[in-house]
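Okay, so subunit A shows up in both of these, paired with subunit B first and subunit C after.
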Partner chain A sequence: MSGNLLHRPSILRRPDGIGGAFPALVLIILFFVVPVVGLLLRSVTEPVPGLQNYATLFGDGTYARVFFNTFLVATVVTAVTVVVAFPVAWMLAIMPPALGSIVFGIIILSMWTNLLTRTYAWMVLLQRTGVINRTLMDIGLISEPLPLINNLTGVTIGMVYIMLPFMILPLVGTLRAIDPMTLRAAALCGASPFDAFRRILLPLSLPGIAAGGLMVFVMSLGYFVTPTLLGGTSNMMLAAMIAQMIQSLLNWGLGSAAAFILLLVTMALYALQLRLVGAKRTTGGI
Partner chain B sequence: MKLIMAGILAGLLAATAARADEMVFTSWGGTTQEAQTKSWAAPFEASSGIKVLQDGPTDYGKLKAMVEGGSVAWDVIDVEMDFAIKAAKDGLLEPIDFNVVPKAGLDPRFTTDHAVGSFYYSFVLAWNKGAVSGEPAGWADMFDLTKFPGKRTFYKWSAPGVIEIALLADGVPADKLYPLDLDRAFKKLDTIKSEIVWWDSGAQSQQLIASGEAAFGQLWNGRVFALEQDGADVGVSWNQNMTAADVLVIPKGSKNKASAMKFLAAATSPKSQAMFAEASGYAPINTAAKAEMPADVVKSLPDAYVDGQINLDMNYWAENRDAIAERWYAWQAK
Partner chain C sequence: MIEPFLSIRDLRKAFGGFVAVQDVTIDIQKGEFLTFLGPSGSGKSTTLYAIAGFQQPTSGDVLLEGRSLLSVPSHKRNIGMVFQRYTLFQHLTVAENVAFPLRVRRRPDAEVNRKVAEMLSLVRLESFGGRYPGALSGGQQQRVALARALAYDPPILLMDEPLSALDKKLREEIQAEIRRIHRETGVTILYVTHDQDEALHLSDRIALFRDGRIEQIGTGEDLYLRPQSEFVASFIGNSNFLPAEHLETVNGAATIRLADGSVVFGVRIDQEFSQGQKTRLMVRPEAFRLRPGAATAGLAVEFIDTAFFGERRRVIARTAAGQEIDVRPTSDMAQAHEGIASSRQIFFDPAAAFLFPA
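On to the complex of A and B.
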């Protein structure tokens, strides 16, 4: 490796040391690693030393339900996001660049709008007396308001909307890298459009789906604002439970234990992703 | 180098010196904190020369972290009374210096060694007249799905109020509420659970009722008062209204304790309490405040509805806060 470097101009050298990353590394260690270790310690020292916090978390039906809810929401949101994002990403990939950058701008713009504002906007749209229900009732399609809020439906709608850019962006990267000739070749060989999609486009775009999907899944696992505002109490997710333990109940031991489990799951998922898709494709896709 | 260090040191000293006549007041934001700023902080600044910085919202986790970490940025905090009793027990609060804060006139219901009242309020039954046919007469009607169909809204967090409402509706006499029969309360609540919409902030409770999103609910009287002021078509029943209170506390290790005590004295004075009550619709915790208020405002306060009024038992809640909360959130999550 070092022999190679001699022949390259220094600016093209791959940074294989941690020298350049040093400031960022110090920041992360000081403001992330150290507090996380402190958190882990609290989970085994408060209120008394031992593993009782973890025993409570795993032994209690309520907490099990919250864990289940968290994974259910993350799974549903990820699946719906993939389905909604794919056509958009495909269009972006094949659009003329000028038009594509406008659509891109619109997608990015939504990411820059305040999360709370967007979530409250959904509340106004989805509630029983909201725009959607009013309209549907006025035109006589329904006689009773549809339950679109304070349940899993509301959470899914609100979160998919917020997660879409995180799915679309990596997916566009992957789709653009696919040679359009492969699809033409498939058509020439007699494949129907659906076959071409299923056997050519979909497999080739898997790295992008995996990268975006993992990002959406992991972000969903820790989501707080949207599930709290658009979900009901029976949709409580881990982040809301942790906030409750830390802020209201002052049970920091239990809250820390739950936070640590969330962190472990997230890291495990990332490790899985690295193994399945490979480090290069994972990071390269984003 | 030495010069620079000396300069930095001098700057730091100046900064701390400037802080000597400042203090930080923390409350829940919204219209309540606005009224507190206008009625308490502004007159206090003018008379004492101590600047009152506003912060918020109140966060019990932050309070604990500040006290434990020894870096307390808040000097006076508006908290729920049952929390204050528990926090005092946990050593998070400074005792009140009643040589500085005059005890005379303070409602003994809302005064402890470590807290003085901020304001008190009642939970009342409010409804949207357009969404409800007839007039709900009391808490029991909130559990009657045939006579009063529609969504009903209750306070989301584990706190004094909803459990008591369920028990009263189930026929428990008001003087036999405590100790709370949680099994019975949750069983009663189960009968309407699918029709409950939870509110987690005062503003949300107003929005739910005003829009008809919920036909009726358990609201803070001050929020109903504000709805009426805005001309919303709401009805209200004070039958078995339930009082609870917010109190003002000083976190242990406050850097401006002396100023904070003076602030408490000013905020609980009859005049400040009267001004706040007029602005917020919540009741004063100084019994002399009513003399300072217009008659029509006095009429709208929980004080005017003591007949059948129930004082939620803050000491019971302080004692059982964690145990009830655990059951409460487990039941909600089901």
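On to the complex of A and C.
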């Protein structure tokens, strides 16, 4: 594949092929590569040269718990987002275009609303005397308020809400490309609605789920505002920990090490997805 | 009277105020090849979808061997279907596609493998089992769809314009395949198309749809030789309609006066006309002769243009009343060619012409 690209004369002949990318390359080096390298250097030089910052992070039970929390929340948020986003995306995909674009607009609009506003709104909704608890108690479903805030439940609810558009958008694209007639064909072949979903719709929508899932997972790993406001102090996540290390403890070395680990994990996941999608392209018939 | 295999009774389907199908009643015998023919929007696909279970009819019933299908969901109807668009499962190989209906029925592996091999050989794609649908041509994809639809031995196969996305040569090739498969499997086929040639070529019987109703149902020959309405006459085959006035009917044979004033005797009719009623006389282009025969009527025309079509020549002629008509004489081709721009008489048999109300 790459061999073909190299042999395509049109690319070789373009005089500004590499030269045209030069300004962008300079920007990336200046504002991305240099700070990241700086971060890496700080993590192995402060307070004294060596790998002691990484040893602390991996050795200390408290830090390990933060890492575990972070991955747990990111995993749960990604899973719940997929489950919630799928029906919405499917509805958008099969809706009449005019109606679909209105619903689409509402989803996008929520994305553009200030993040802090939305998170505070959830705090109001989720607290002990909030609308959700009061309504549930009024209709007699519960007698005690549910603990919906200052725990992982609150973080998951708030994060799923914020992440939904990032899952819905790629998923709609994938689902729109699936001909609804394919599902009718599956039904006439004898597939029950569940069979048709499991054997046909789900496999066909996997590329969209993978793309959205990676996006949501990676964003969740580094999320700061929502976990901090809705998670309380006992459920610290990585981003909050880094902020605390640097702002309160002024421990740049440890903070940099944690940030660098986060970056490595993110890049590894991205590489994994590229590999999977790339493999699909070459072997699959799509 | 044998009980019909599949029976459609008084089917009606309305979408809000729009009636897509009404008064559709058909009995289909086992092993029959029945085609729903009609222009787009005539209700033929809606009728097919009611049989498939994709659309619940507003009223009426669909009975398979005497039992109503309406309360049975699509996936339990055990009906095979080939669609207009390619509906193969893109993430499965050809063999897995054909195996799919058997897998959801939880048939044992040995049976699945045997049946897949049998089906792929039926559609002559034995060596394509491992490929993905994306690597197949349109014609091959439809053949796989056919194999998939037949893999579970459904009693009925529905085909919804399965060849409309293919080019002419491929269409004819797959038409032949469909005929062969119908012959070999004996499956009852309901076929939807808007292409009259396809319908005539494939079917035992044709139901011609118009505005949600069946205009006429019968063999291709019935529809071609004995059209019951002007619509049937104009939809099946080629036709010329000459304005005429009905003068009188004696013993089922009408006397009419054409627009140029000439009088034609012995036109066959199936319905009553009053004296002086405005009518239209339908004459097939191939019913015209360049020489008079026994019991033929003459028509004064001028040849305007001719075109050569291999087996026959098409002539555009203008009648004395100024109407352009299509003439395709089966013989005298050379004569037709020489006769351009000359006034002459052409002839037709009034007993092979049809009279319809204007």
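We take it that the second predicted complex is superposed on the first by the 254 of 286 C-alpha atoms of A that agree within 3 Å, B and C clash if a C-alpha of one lies under 4 Å from a C-alpha of the other, contacts with A are read in each partner's own complex, and residues count from 1 in each chain.
Operating definition for what follows: a contact is a pair of C-beta atoms (placed from the backbone, for glycine too) under 8 Å apart; a residue touches a chain by one contact, two chains touch by 3 or more.
The structure displayed is predicted, hence computed values, not measured ones.
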Query raised in the report: Put the two structures on top of each other at subunit A: do subunit B and subunit C fit, or clash?
Result: fit
Requested in this report: In the overlay, answer first, second, both or neither for which of subunit B and subunit C A:Thr70 touches.
Outcome: neither
Query raised in the report: Counting only touches as set out at the top, which of subunit B and subunit C does A:Asn251 meet: first, second, both, neither?
Result: first
Report task. Please indicate which partner A:Ala187 is in contact with in the superposed arrangement: first for subunit B, second for subunit C, both, or neither. Result -> second
Requested in this report: Examine A:Pro203 and indicate which partner it touches, taking first as subunit B and second as subunit C; both and neither are also allowed.
Outcome: second
Query - Which superposed partner A:Asp195 touches (first subunit B, second subunit C, both, neither) - result: second
Requested in this report: Look at A:Thr156 in the shared chain and tell me whether it touches subunit B only, subunit C only, both, or neither; answer first, second, both or neither.
Outcome: neither
Query raised in the report: In the superposed arrangement, which partner chain does A:Asn133 touch: subunit B (first), subunit C (second), both, or neither?
Result: neither
**Report entry** Partner chain(s) touched by A:Gln273 [first = subunit B, second = subunit C, both, neither]
**Finding:** neither
Query raised in the report: What is the value, to the nearest 10 degrees, of the angle subtended at the Cα centroid of subunit A by the Cα centroids of subunit B and subunit C?
Result: 150
Query raised in the report: Between subunit B (first) and subunit C (second), which, if any, makes contact with A:Thr233: first, second, both or neither?
Result: first
Report task. Rounded to the nearest Å, state the minimum C-alpha distance from subunit B to subunit C in the superposed three-chain model. Result -> 46
Query raised in the report: Which subunit A residues come up in both lists, the one for subunit B and the one for subunit C?
Result: none
Report summary line: Seen from subunit B, its contact residues with subunit A in the complex are 59-62, 64, 90, 151, 156-158, 197-198, 200, 211-213, 322, 325, 329-330, 332-334
Report task. Note which residues of subunit C are touching subunit A in the complex, please. Result -> 52-54, 73-81, 83-85, 87-91, 100-101, 103-105, 131-135, 145, 148-149, 152, 158
Report summary line: Seen from subunit A, its contact residues with subunit B in the complex are 60-62, 65-66, 69, 127-129, 150, 228, 232-234, 236, 241, 244, 246-252
**Report entry** Complex contact set, residues of subunit A against subunit C
**Finding:** 179, 181-182, 184-193, 195-196, 199-200, 203-204, 284-286
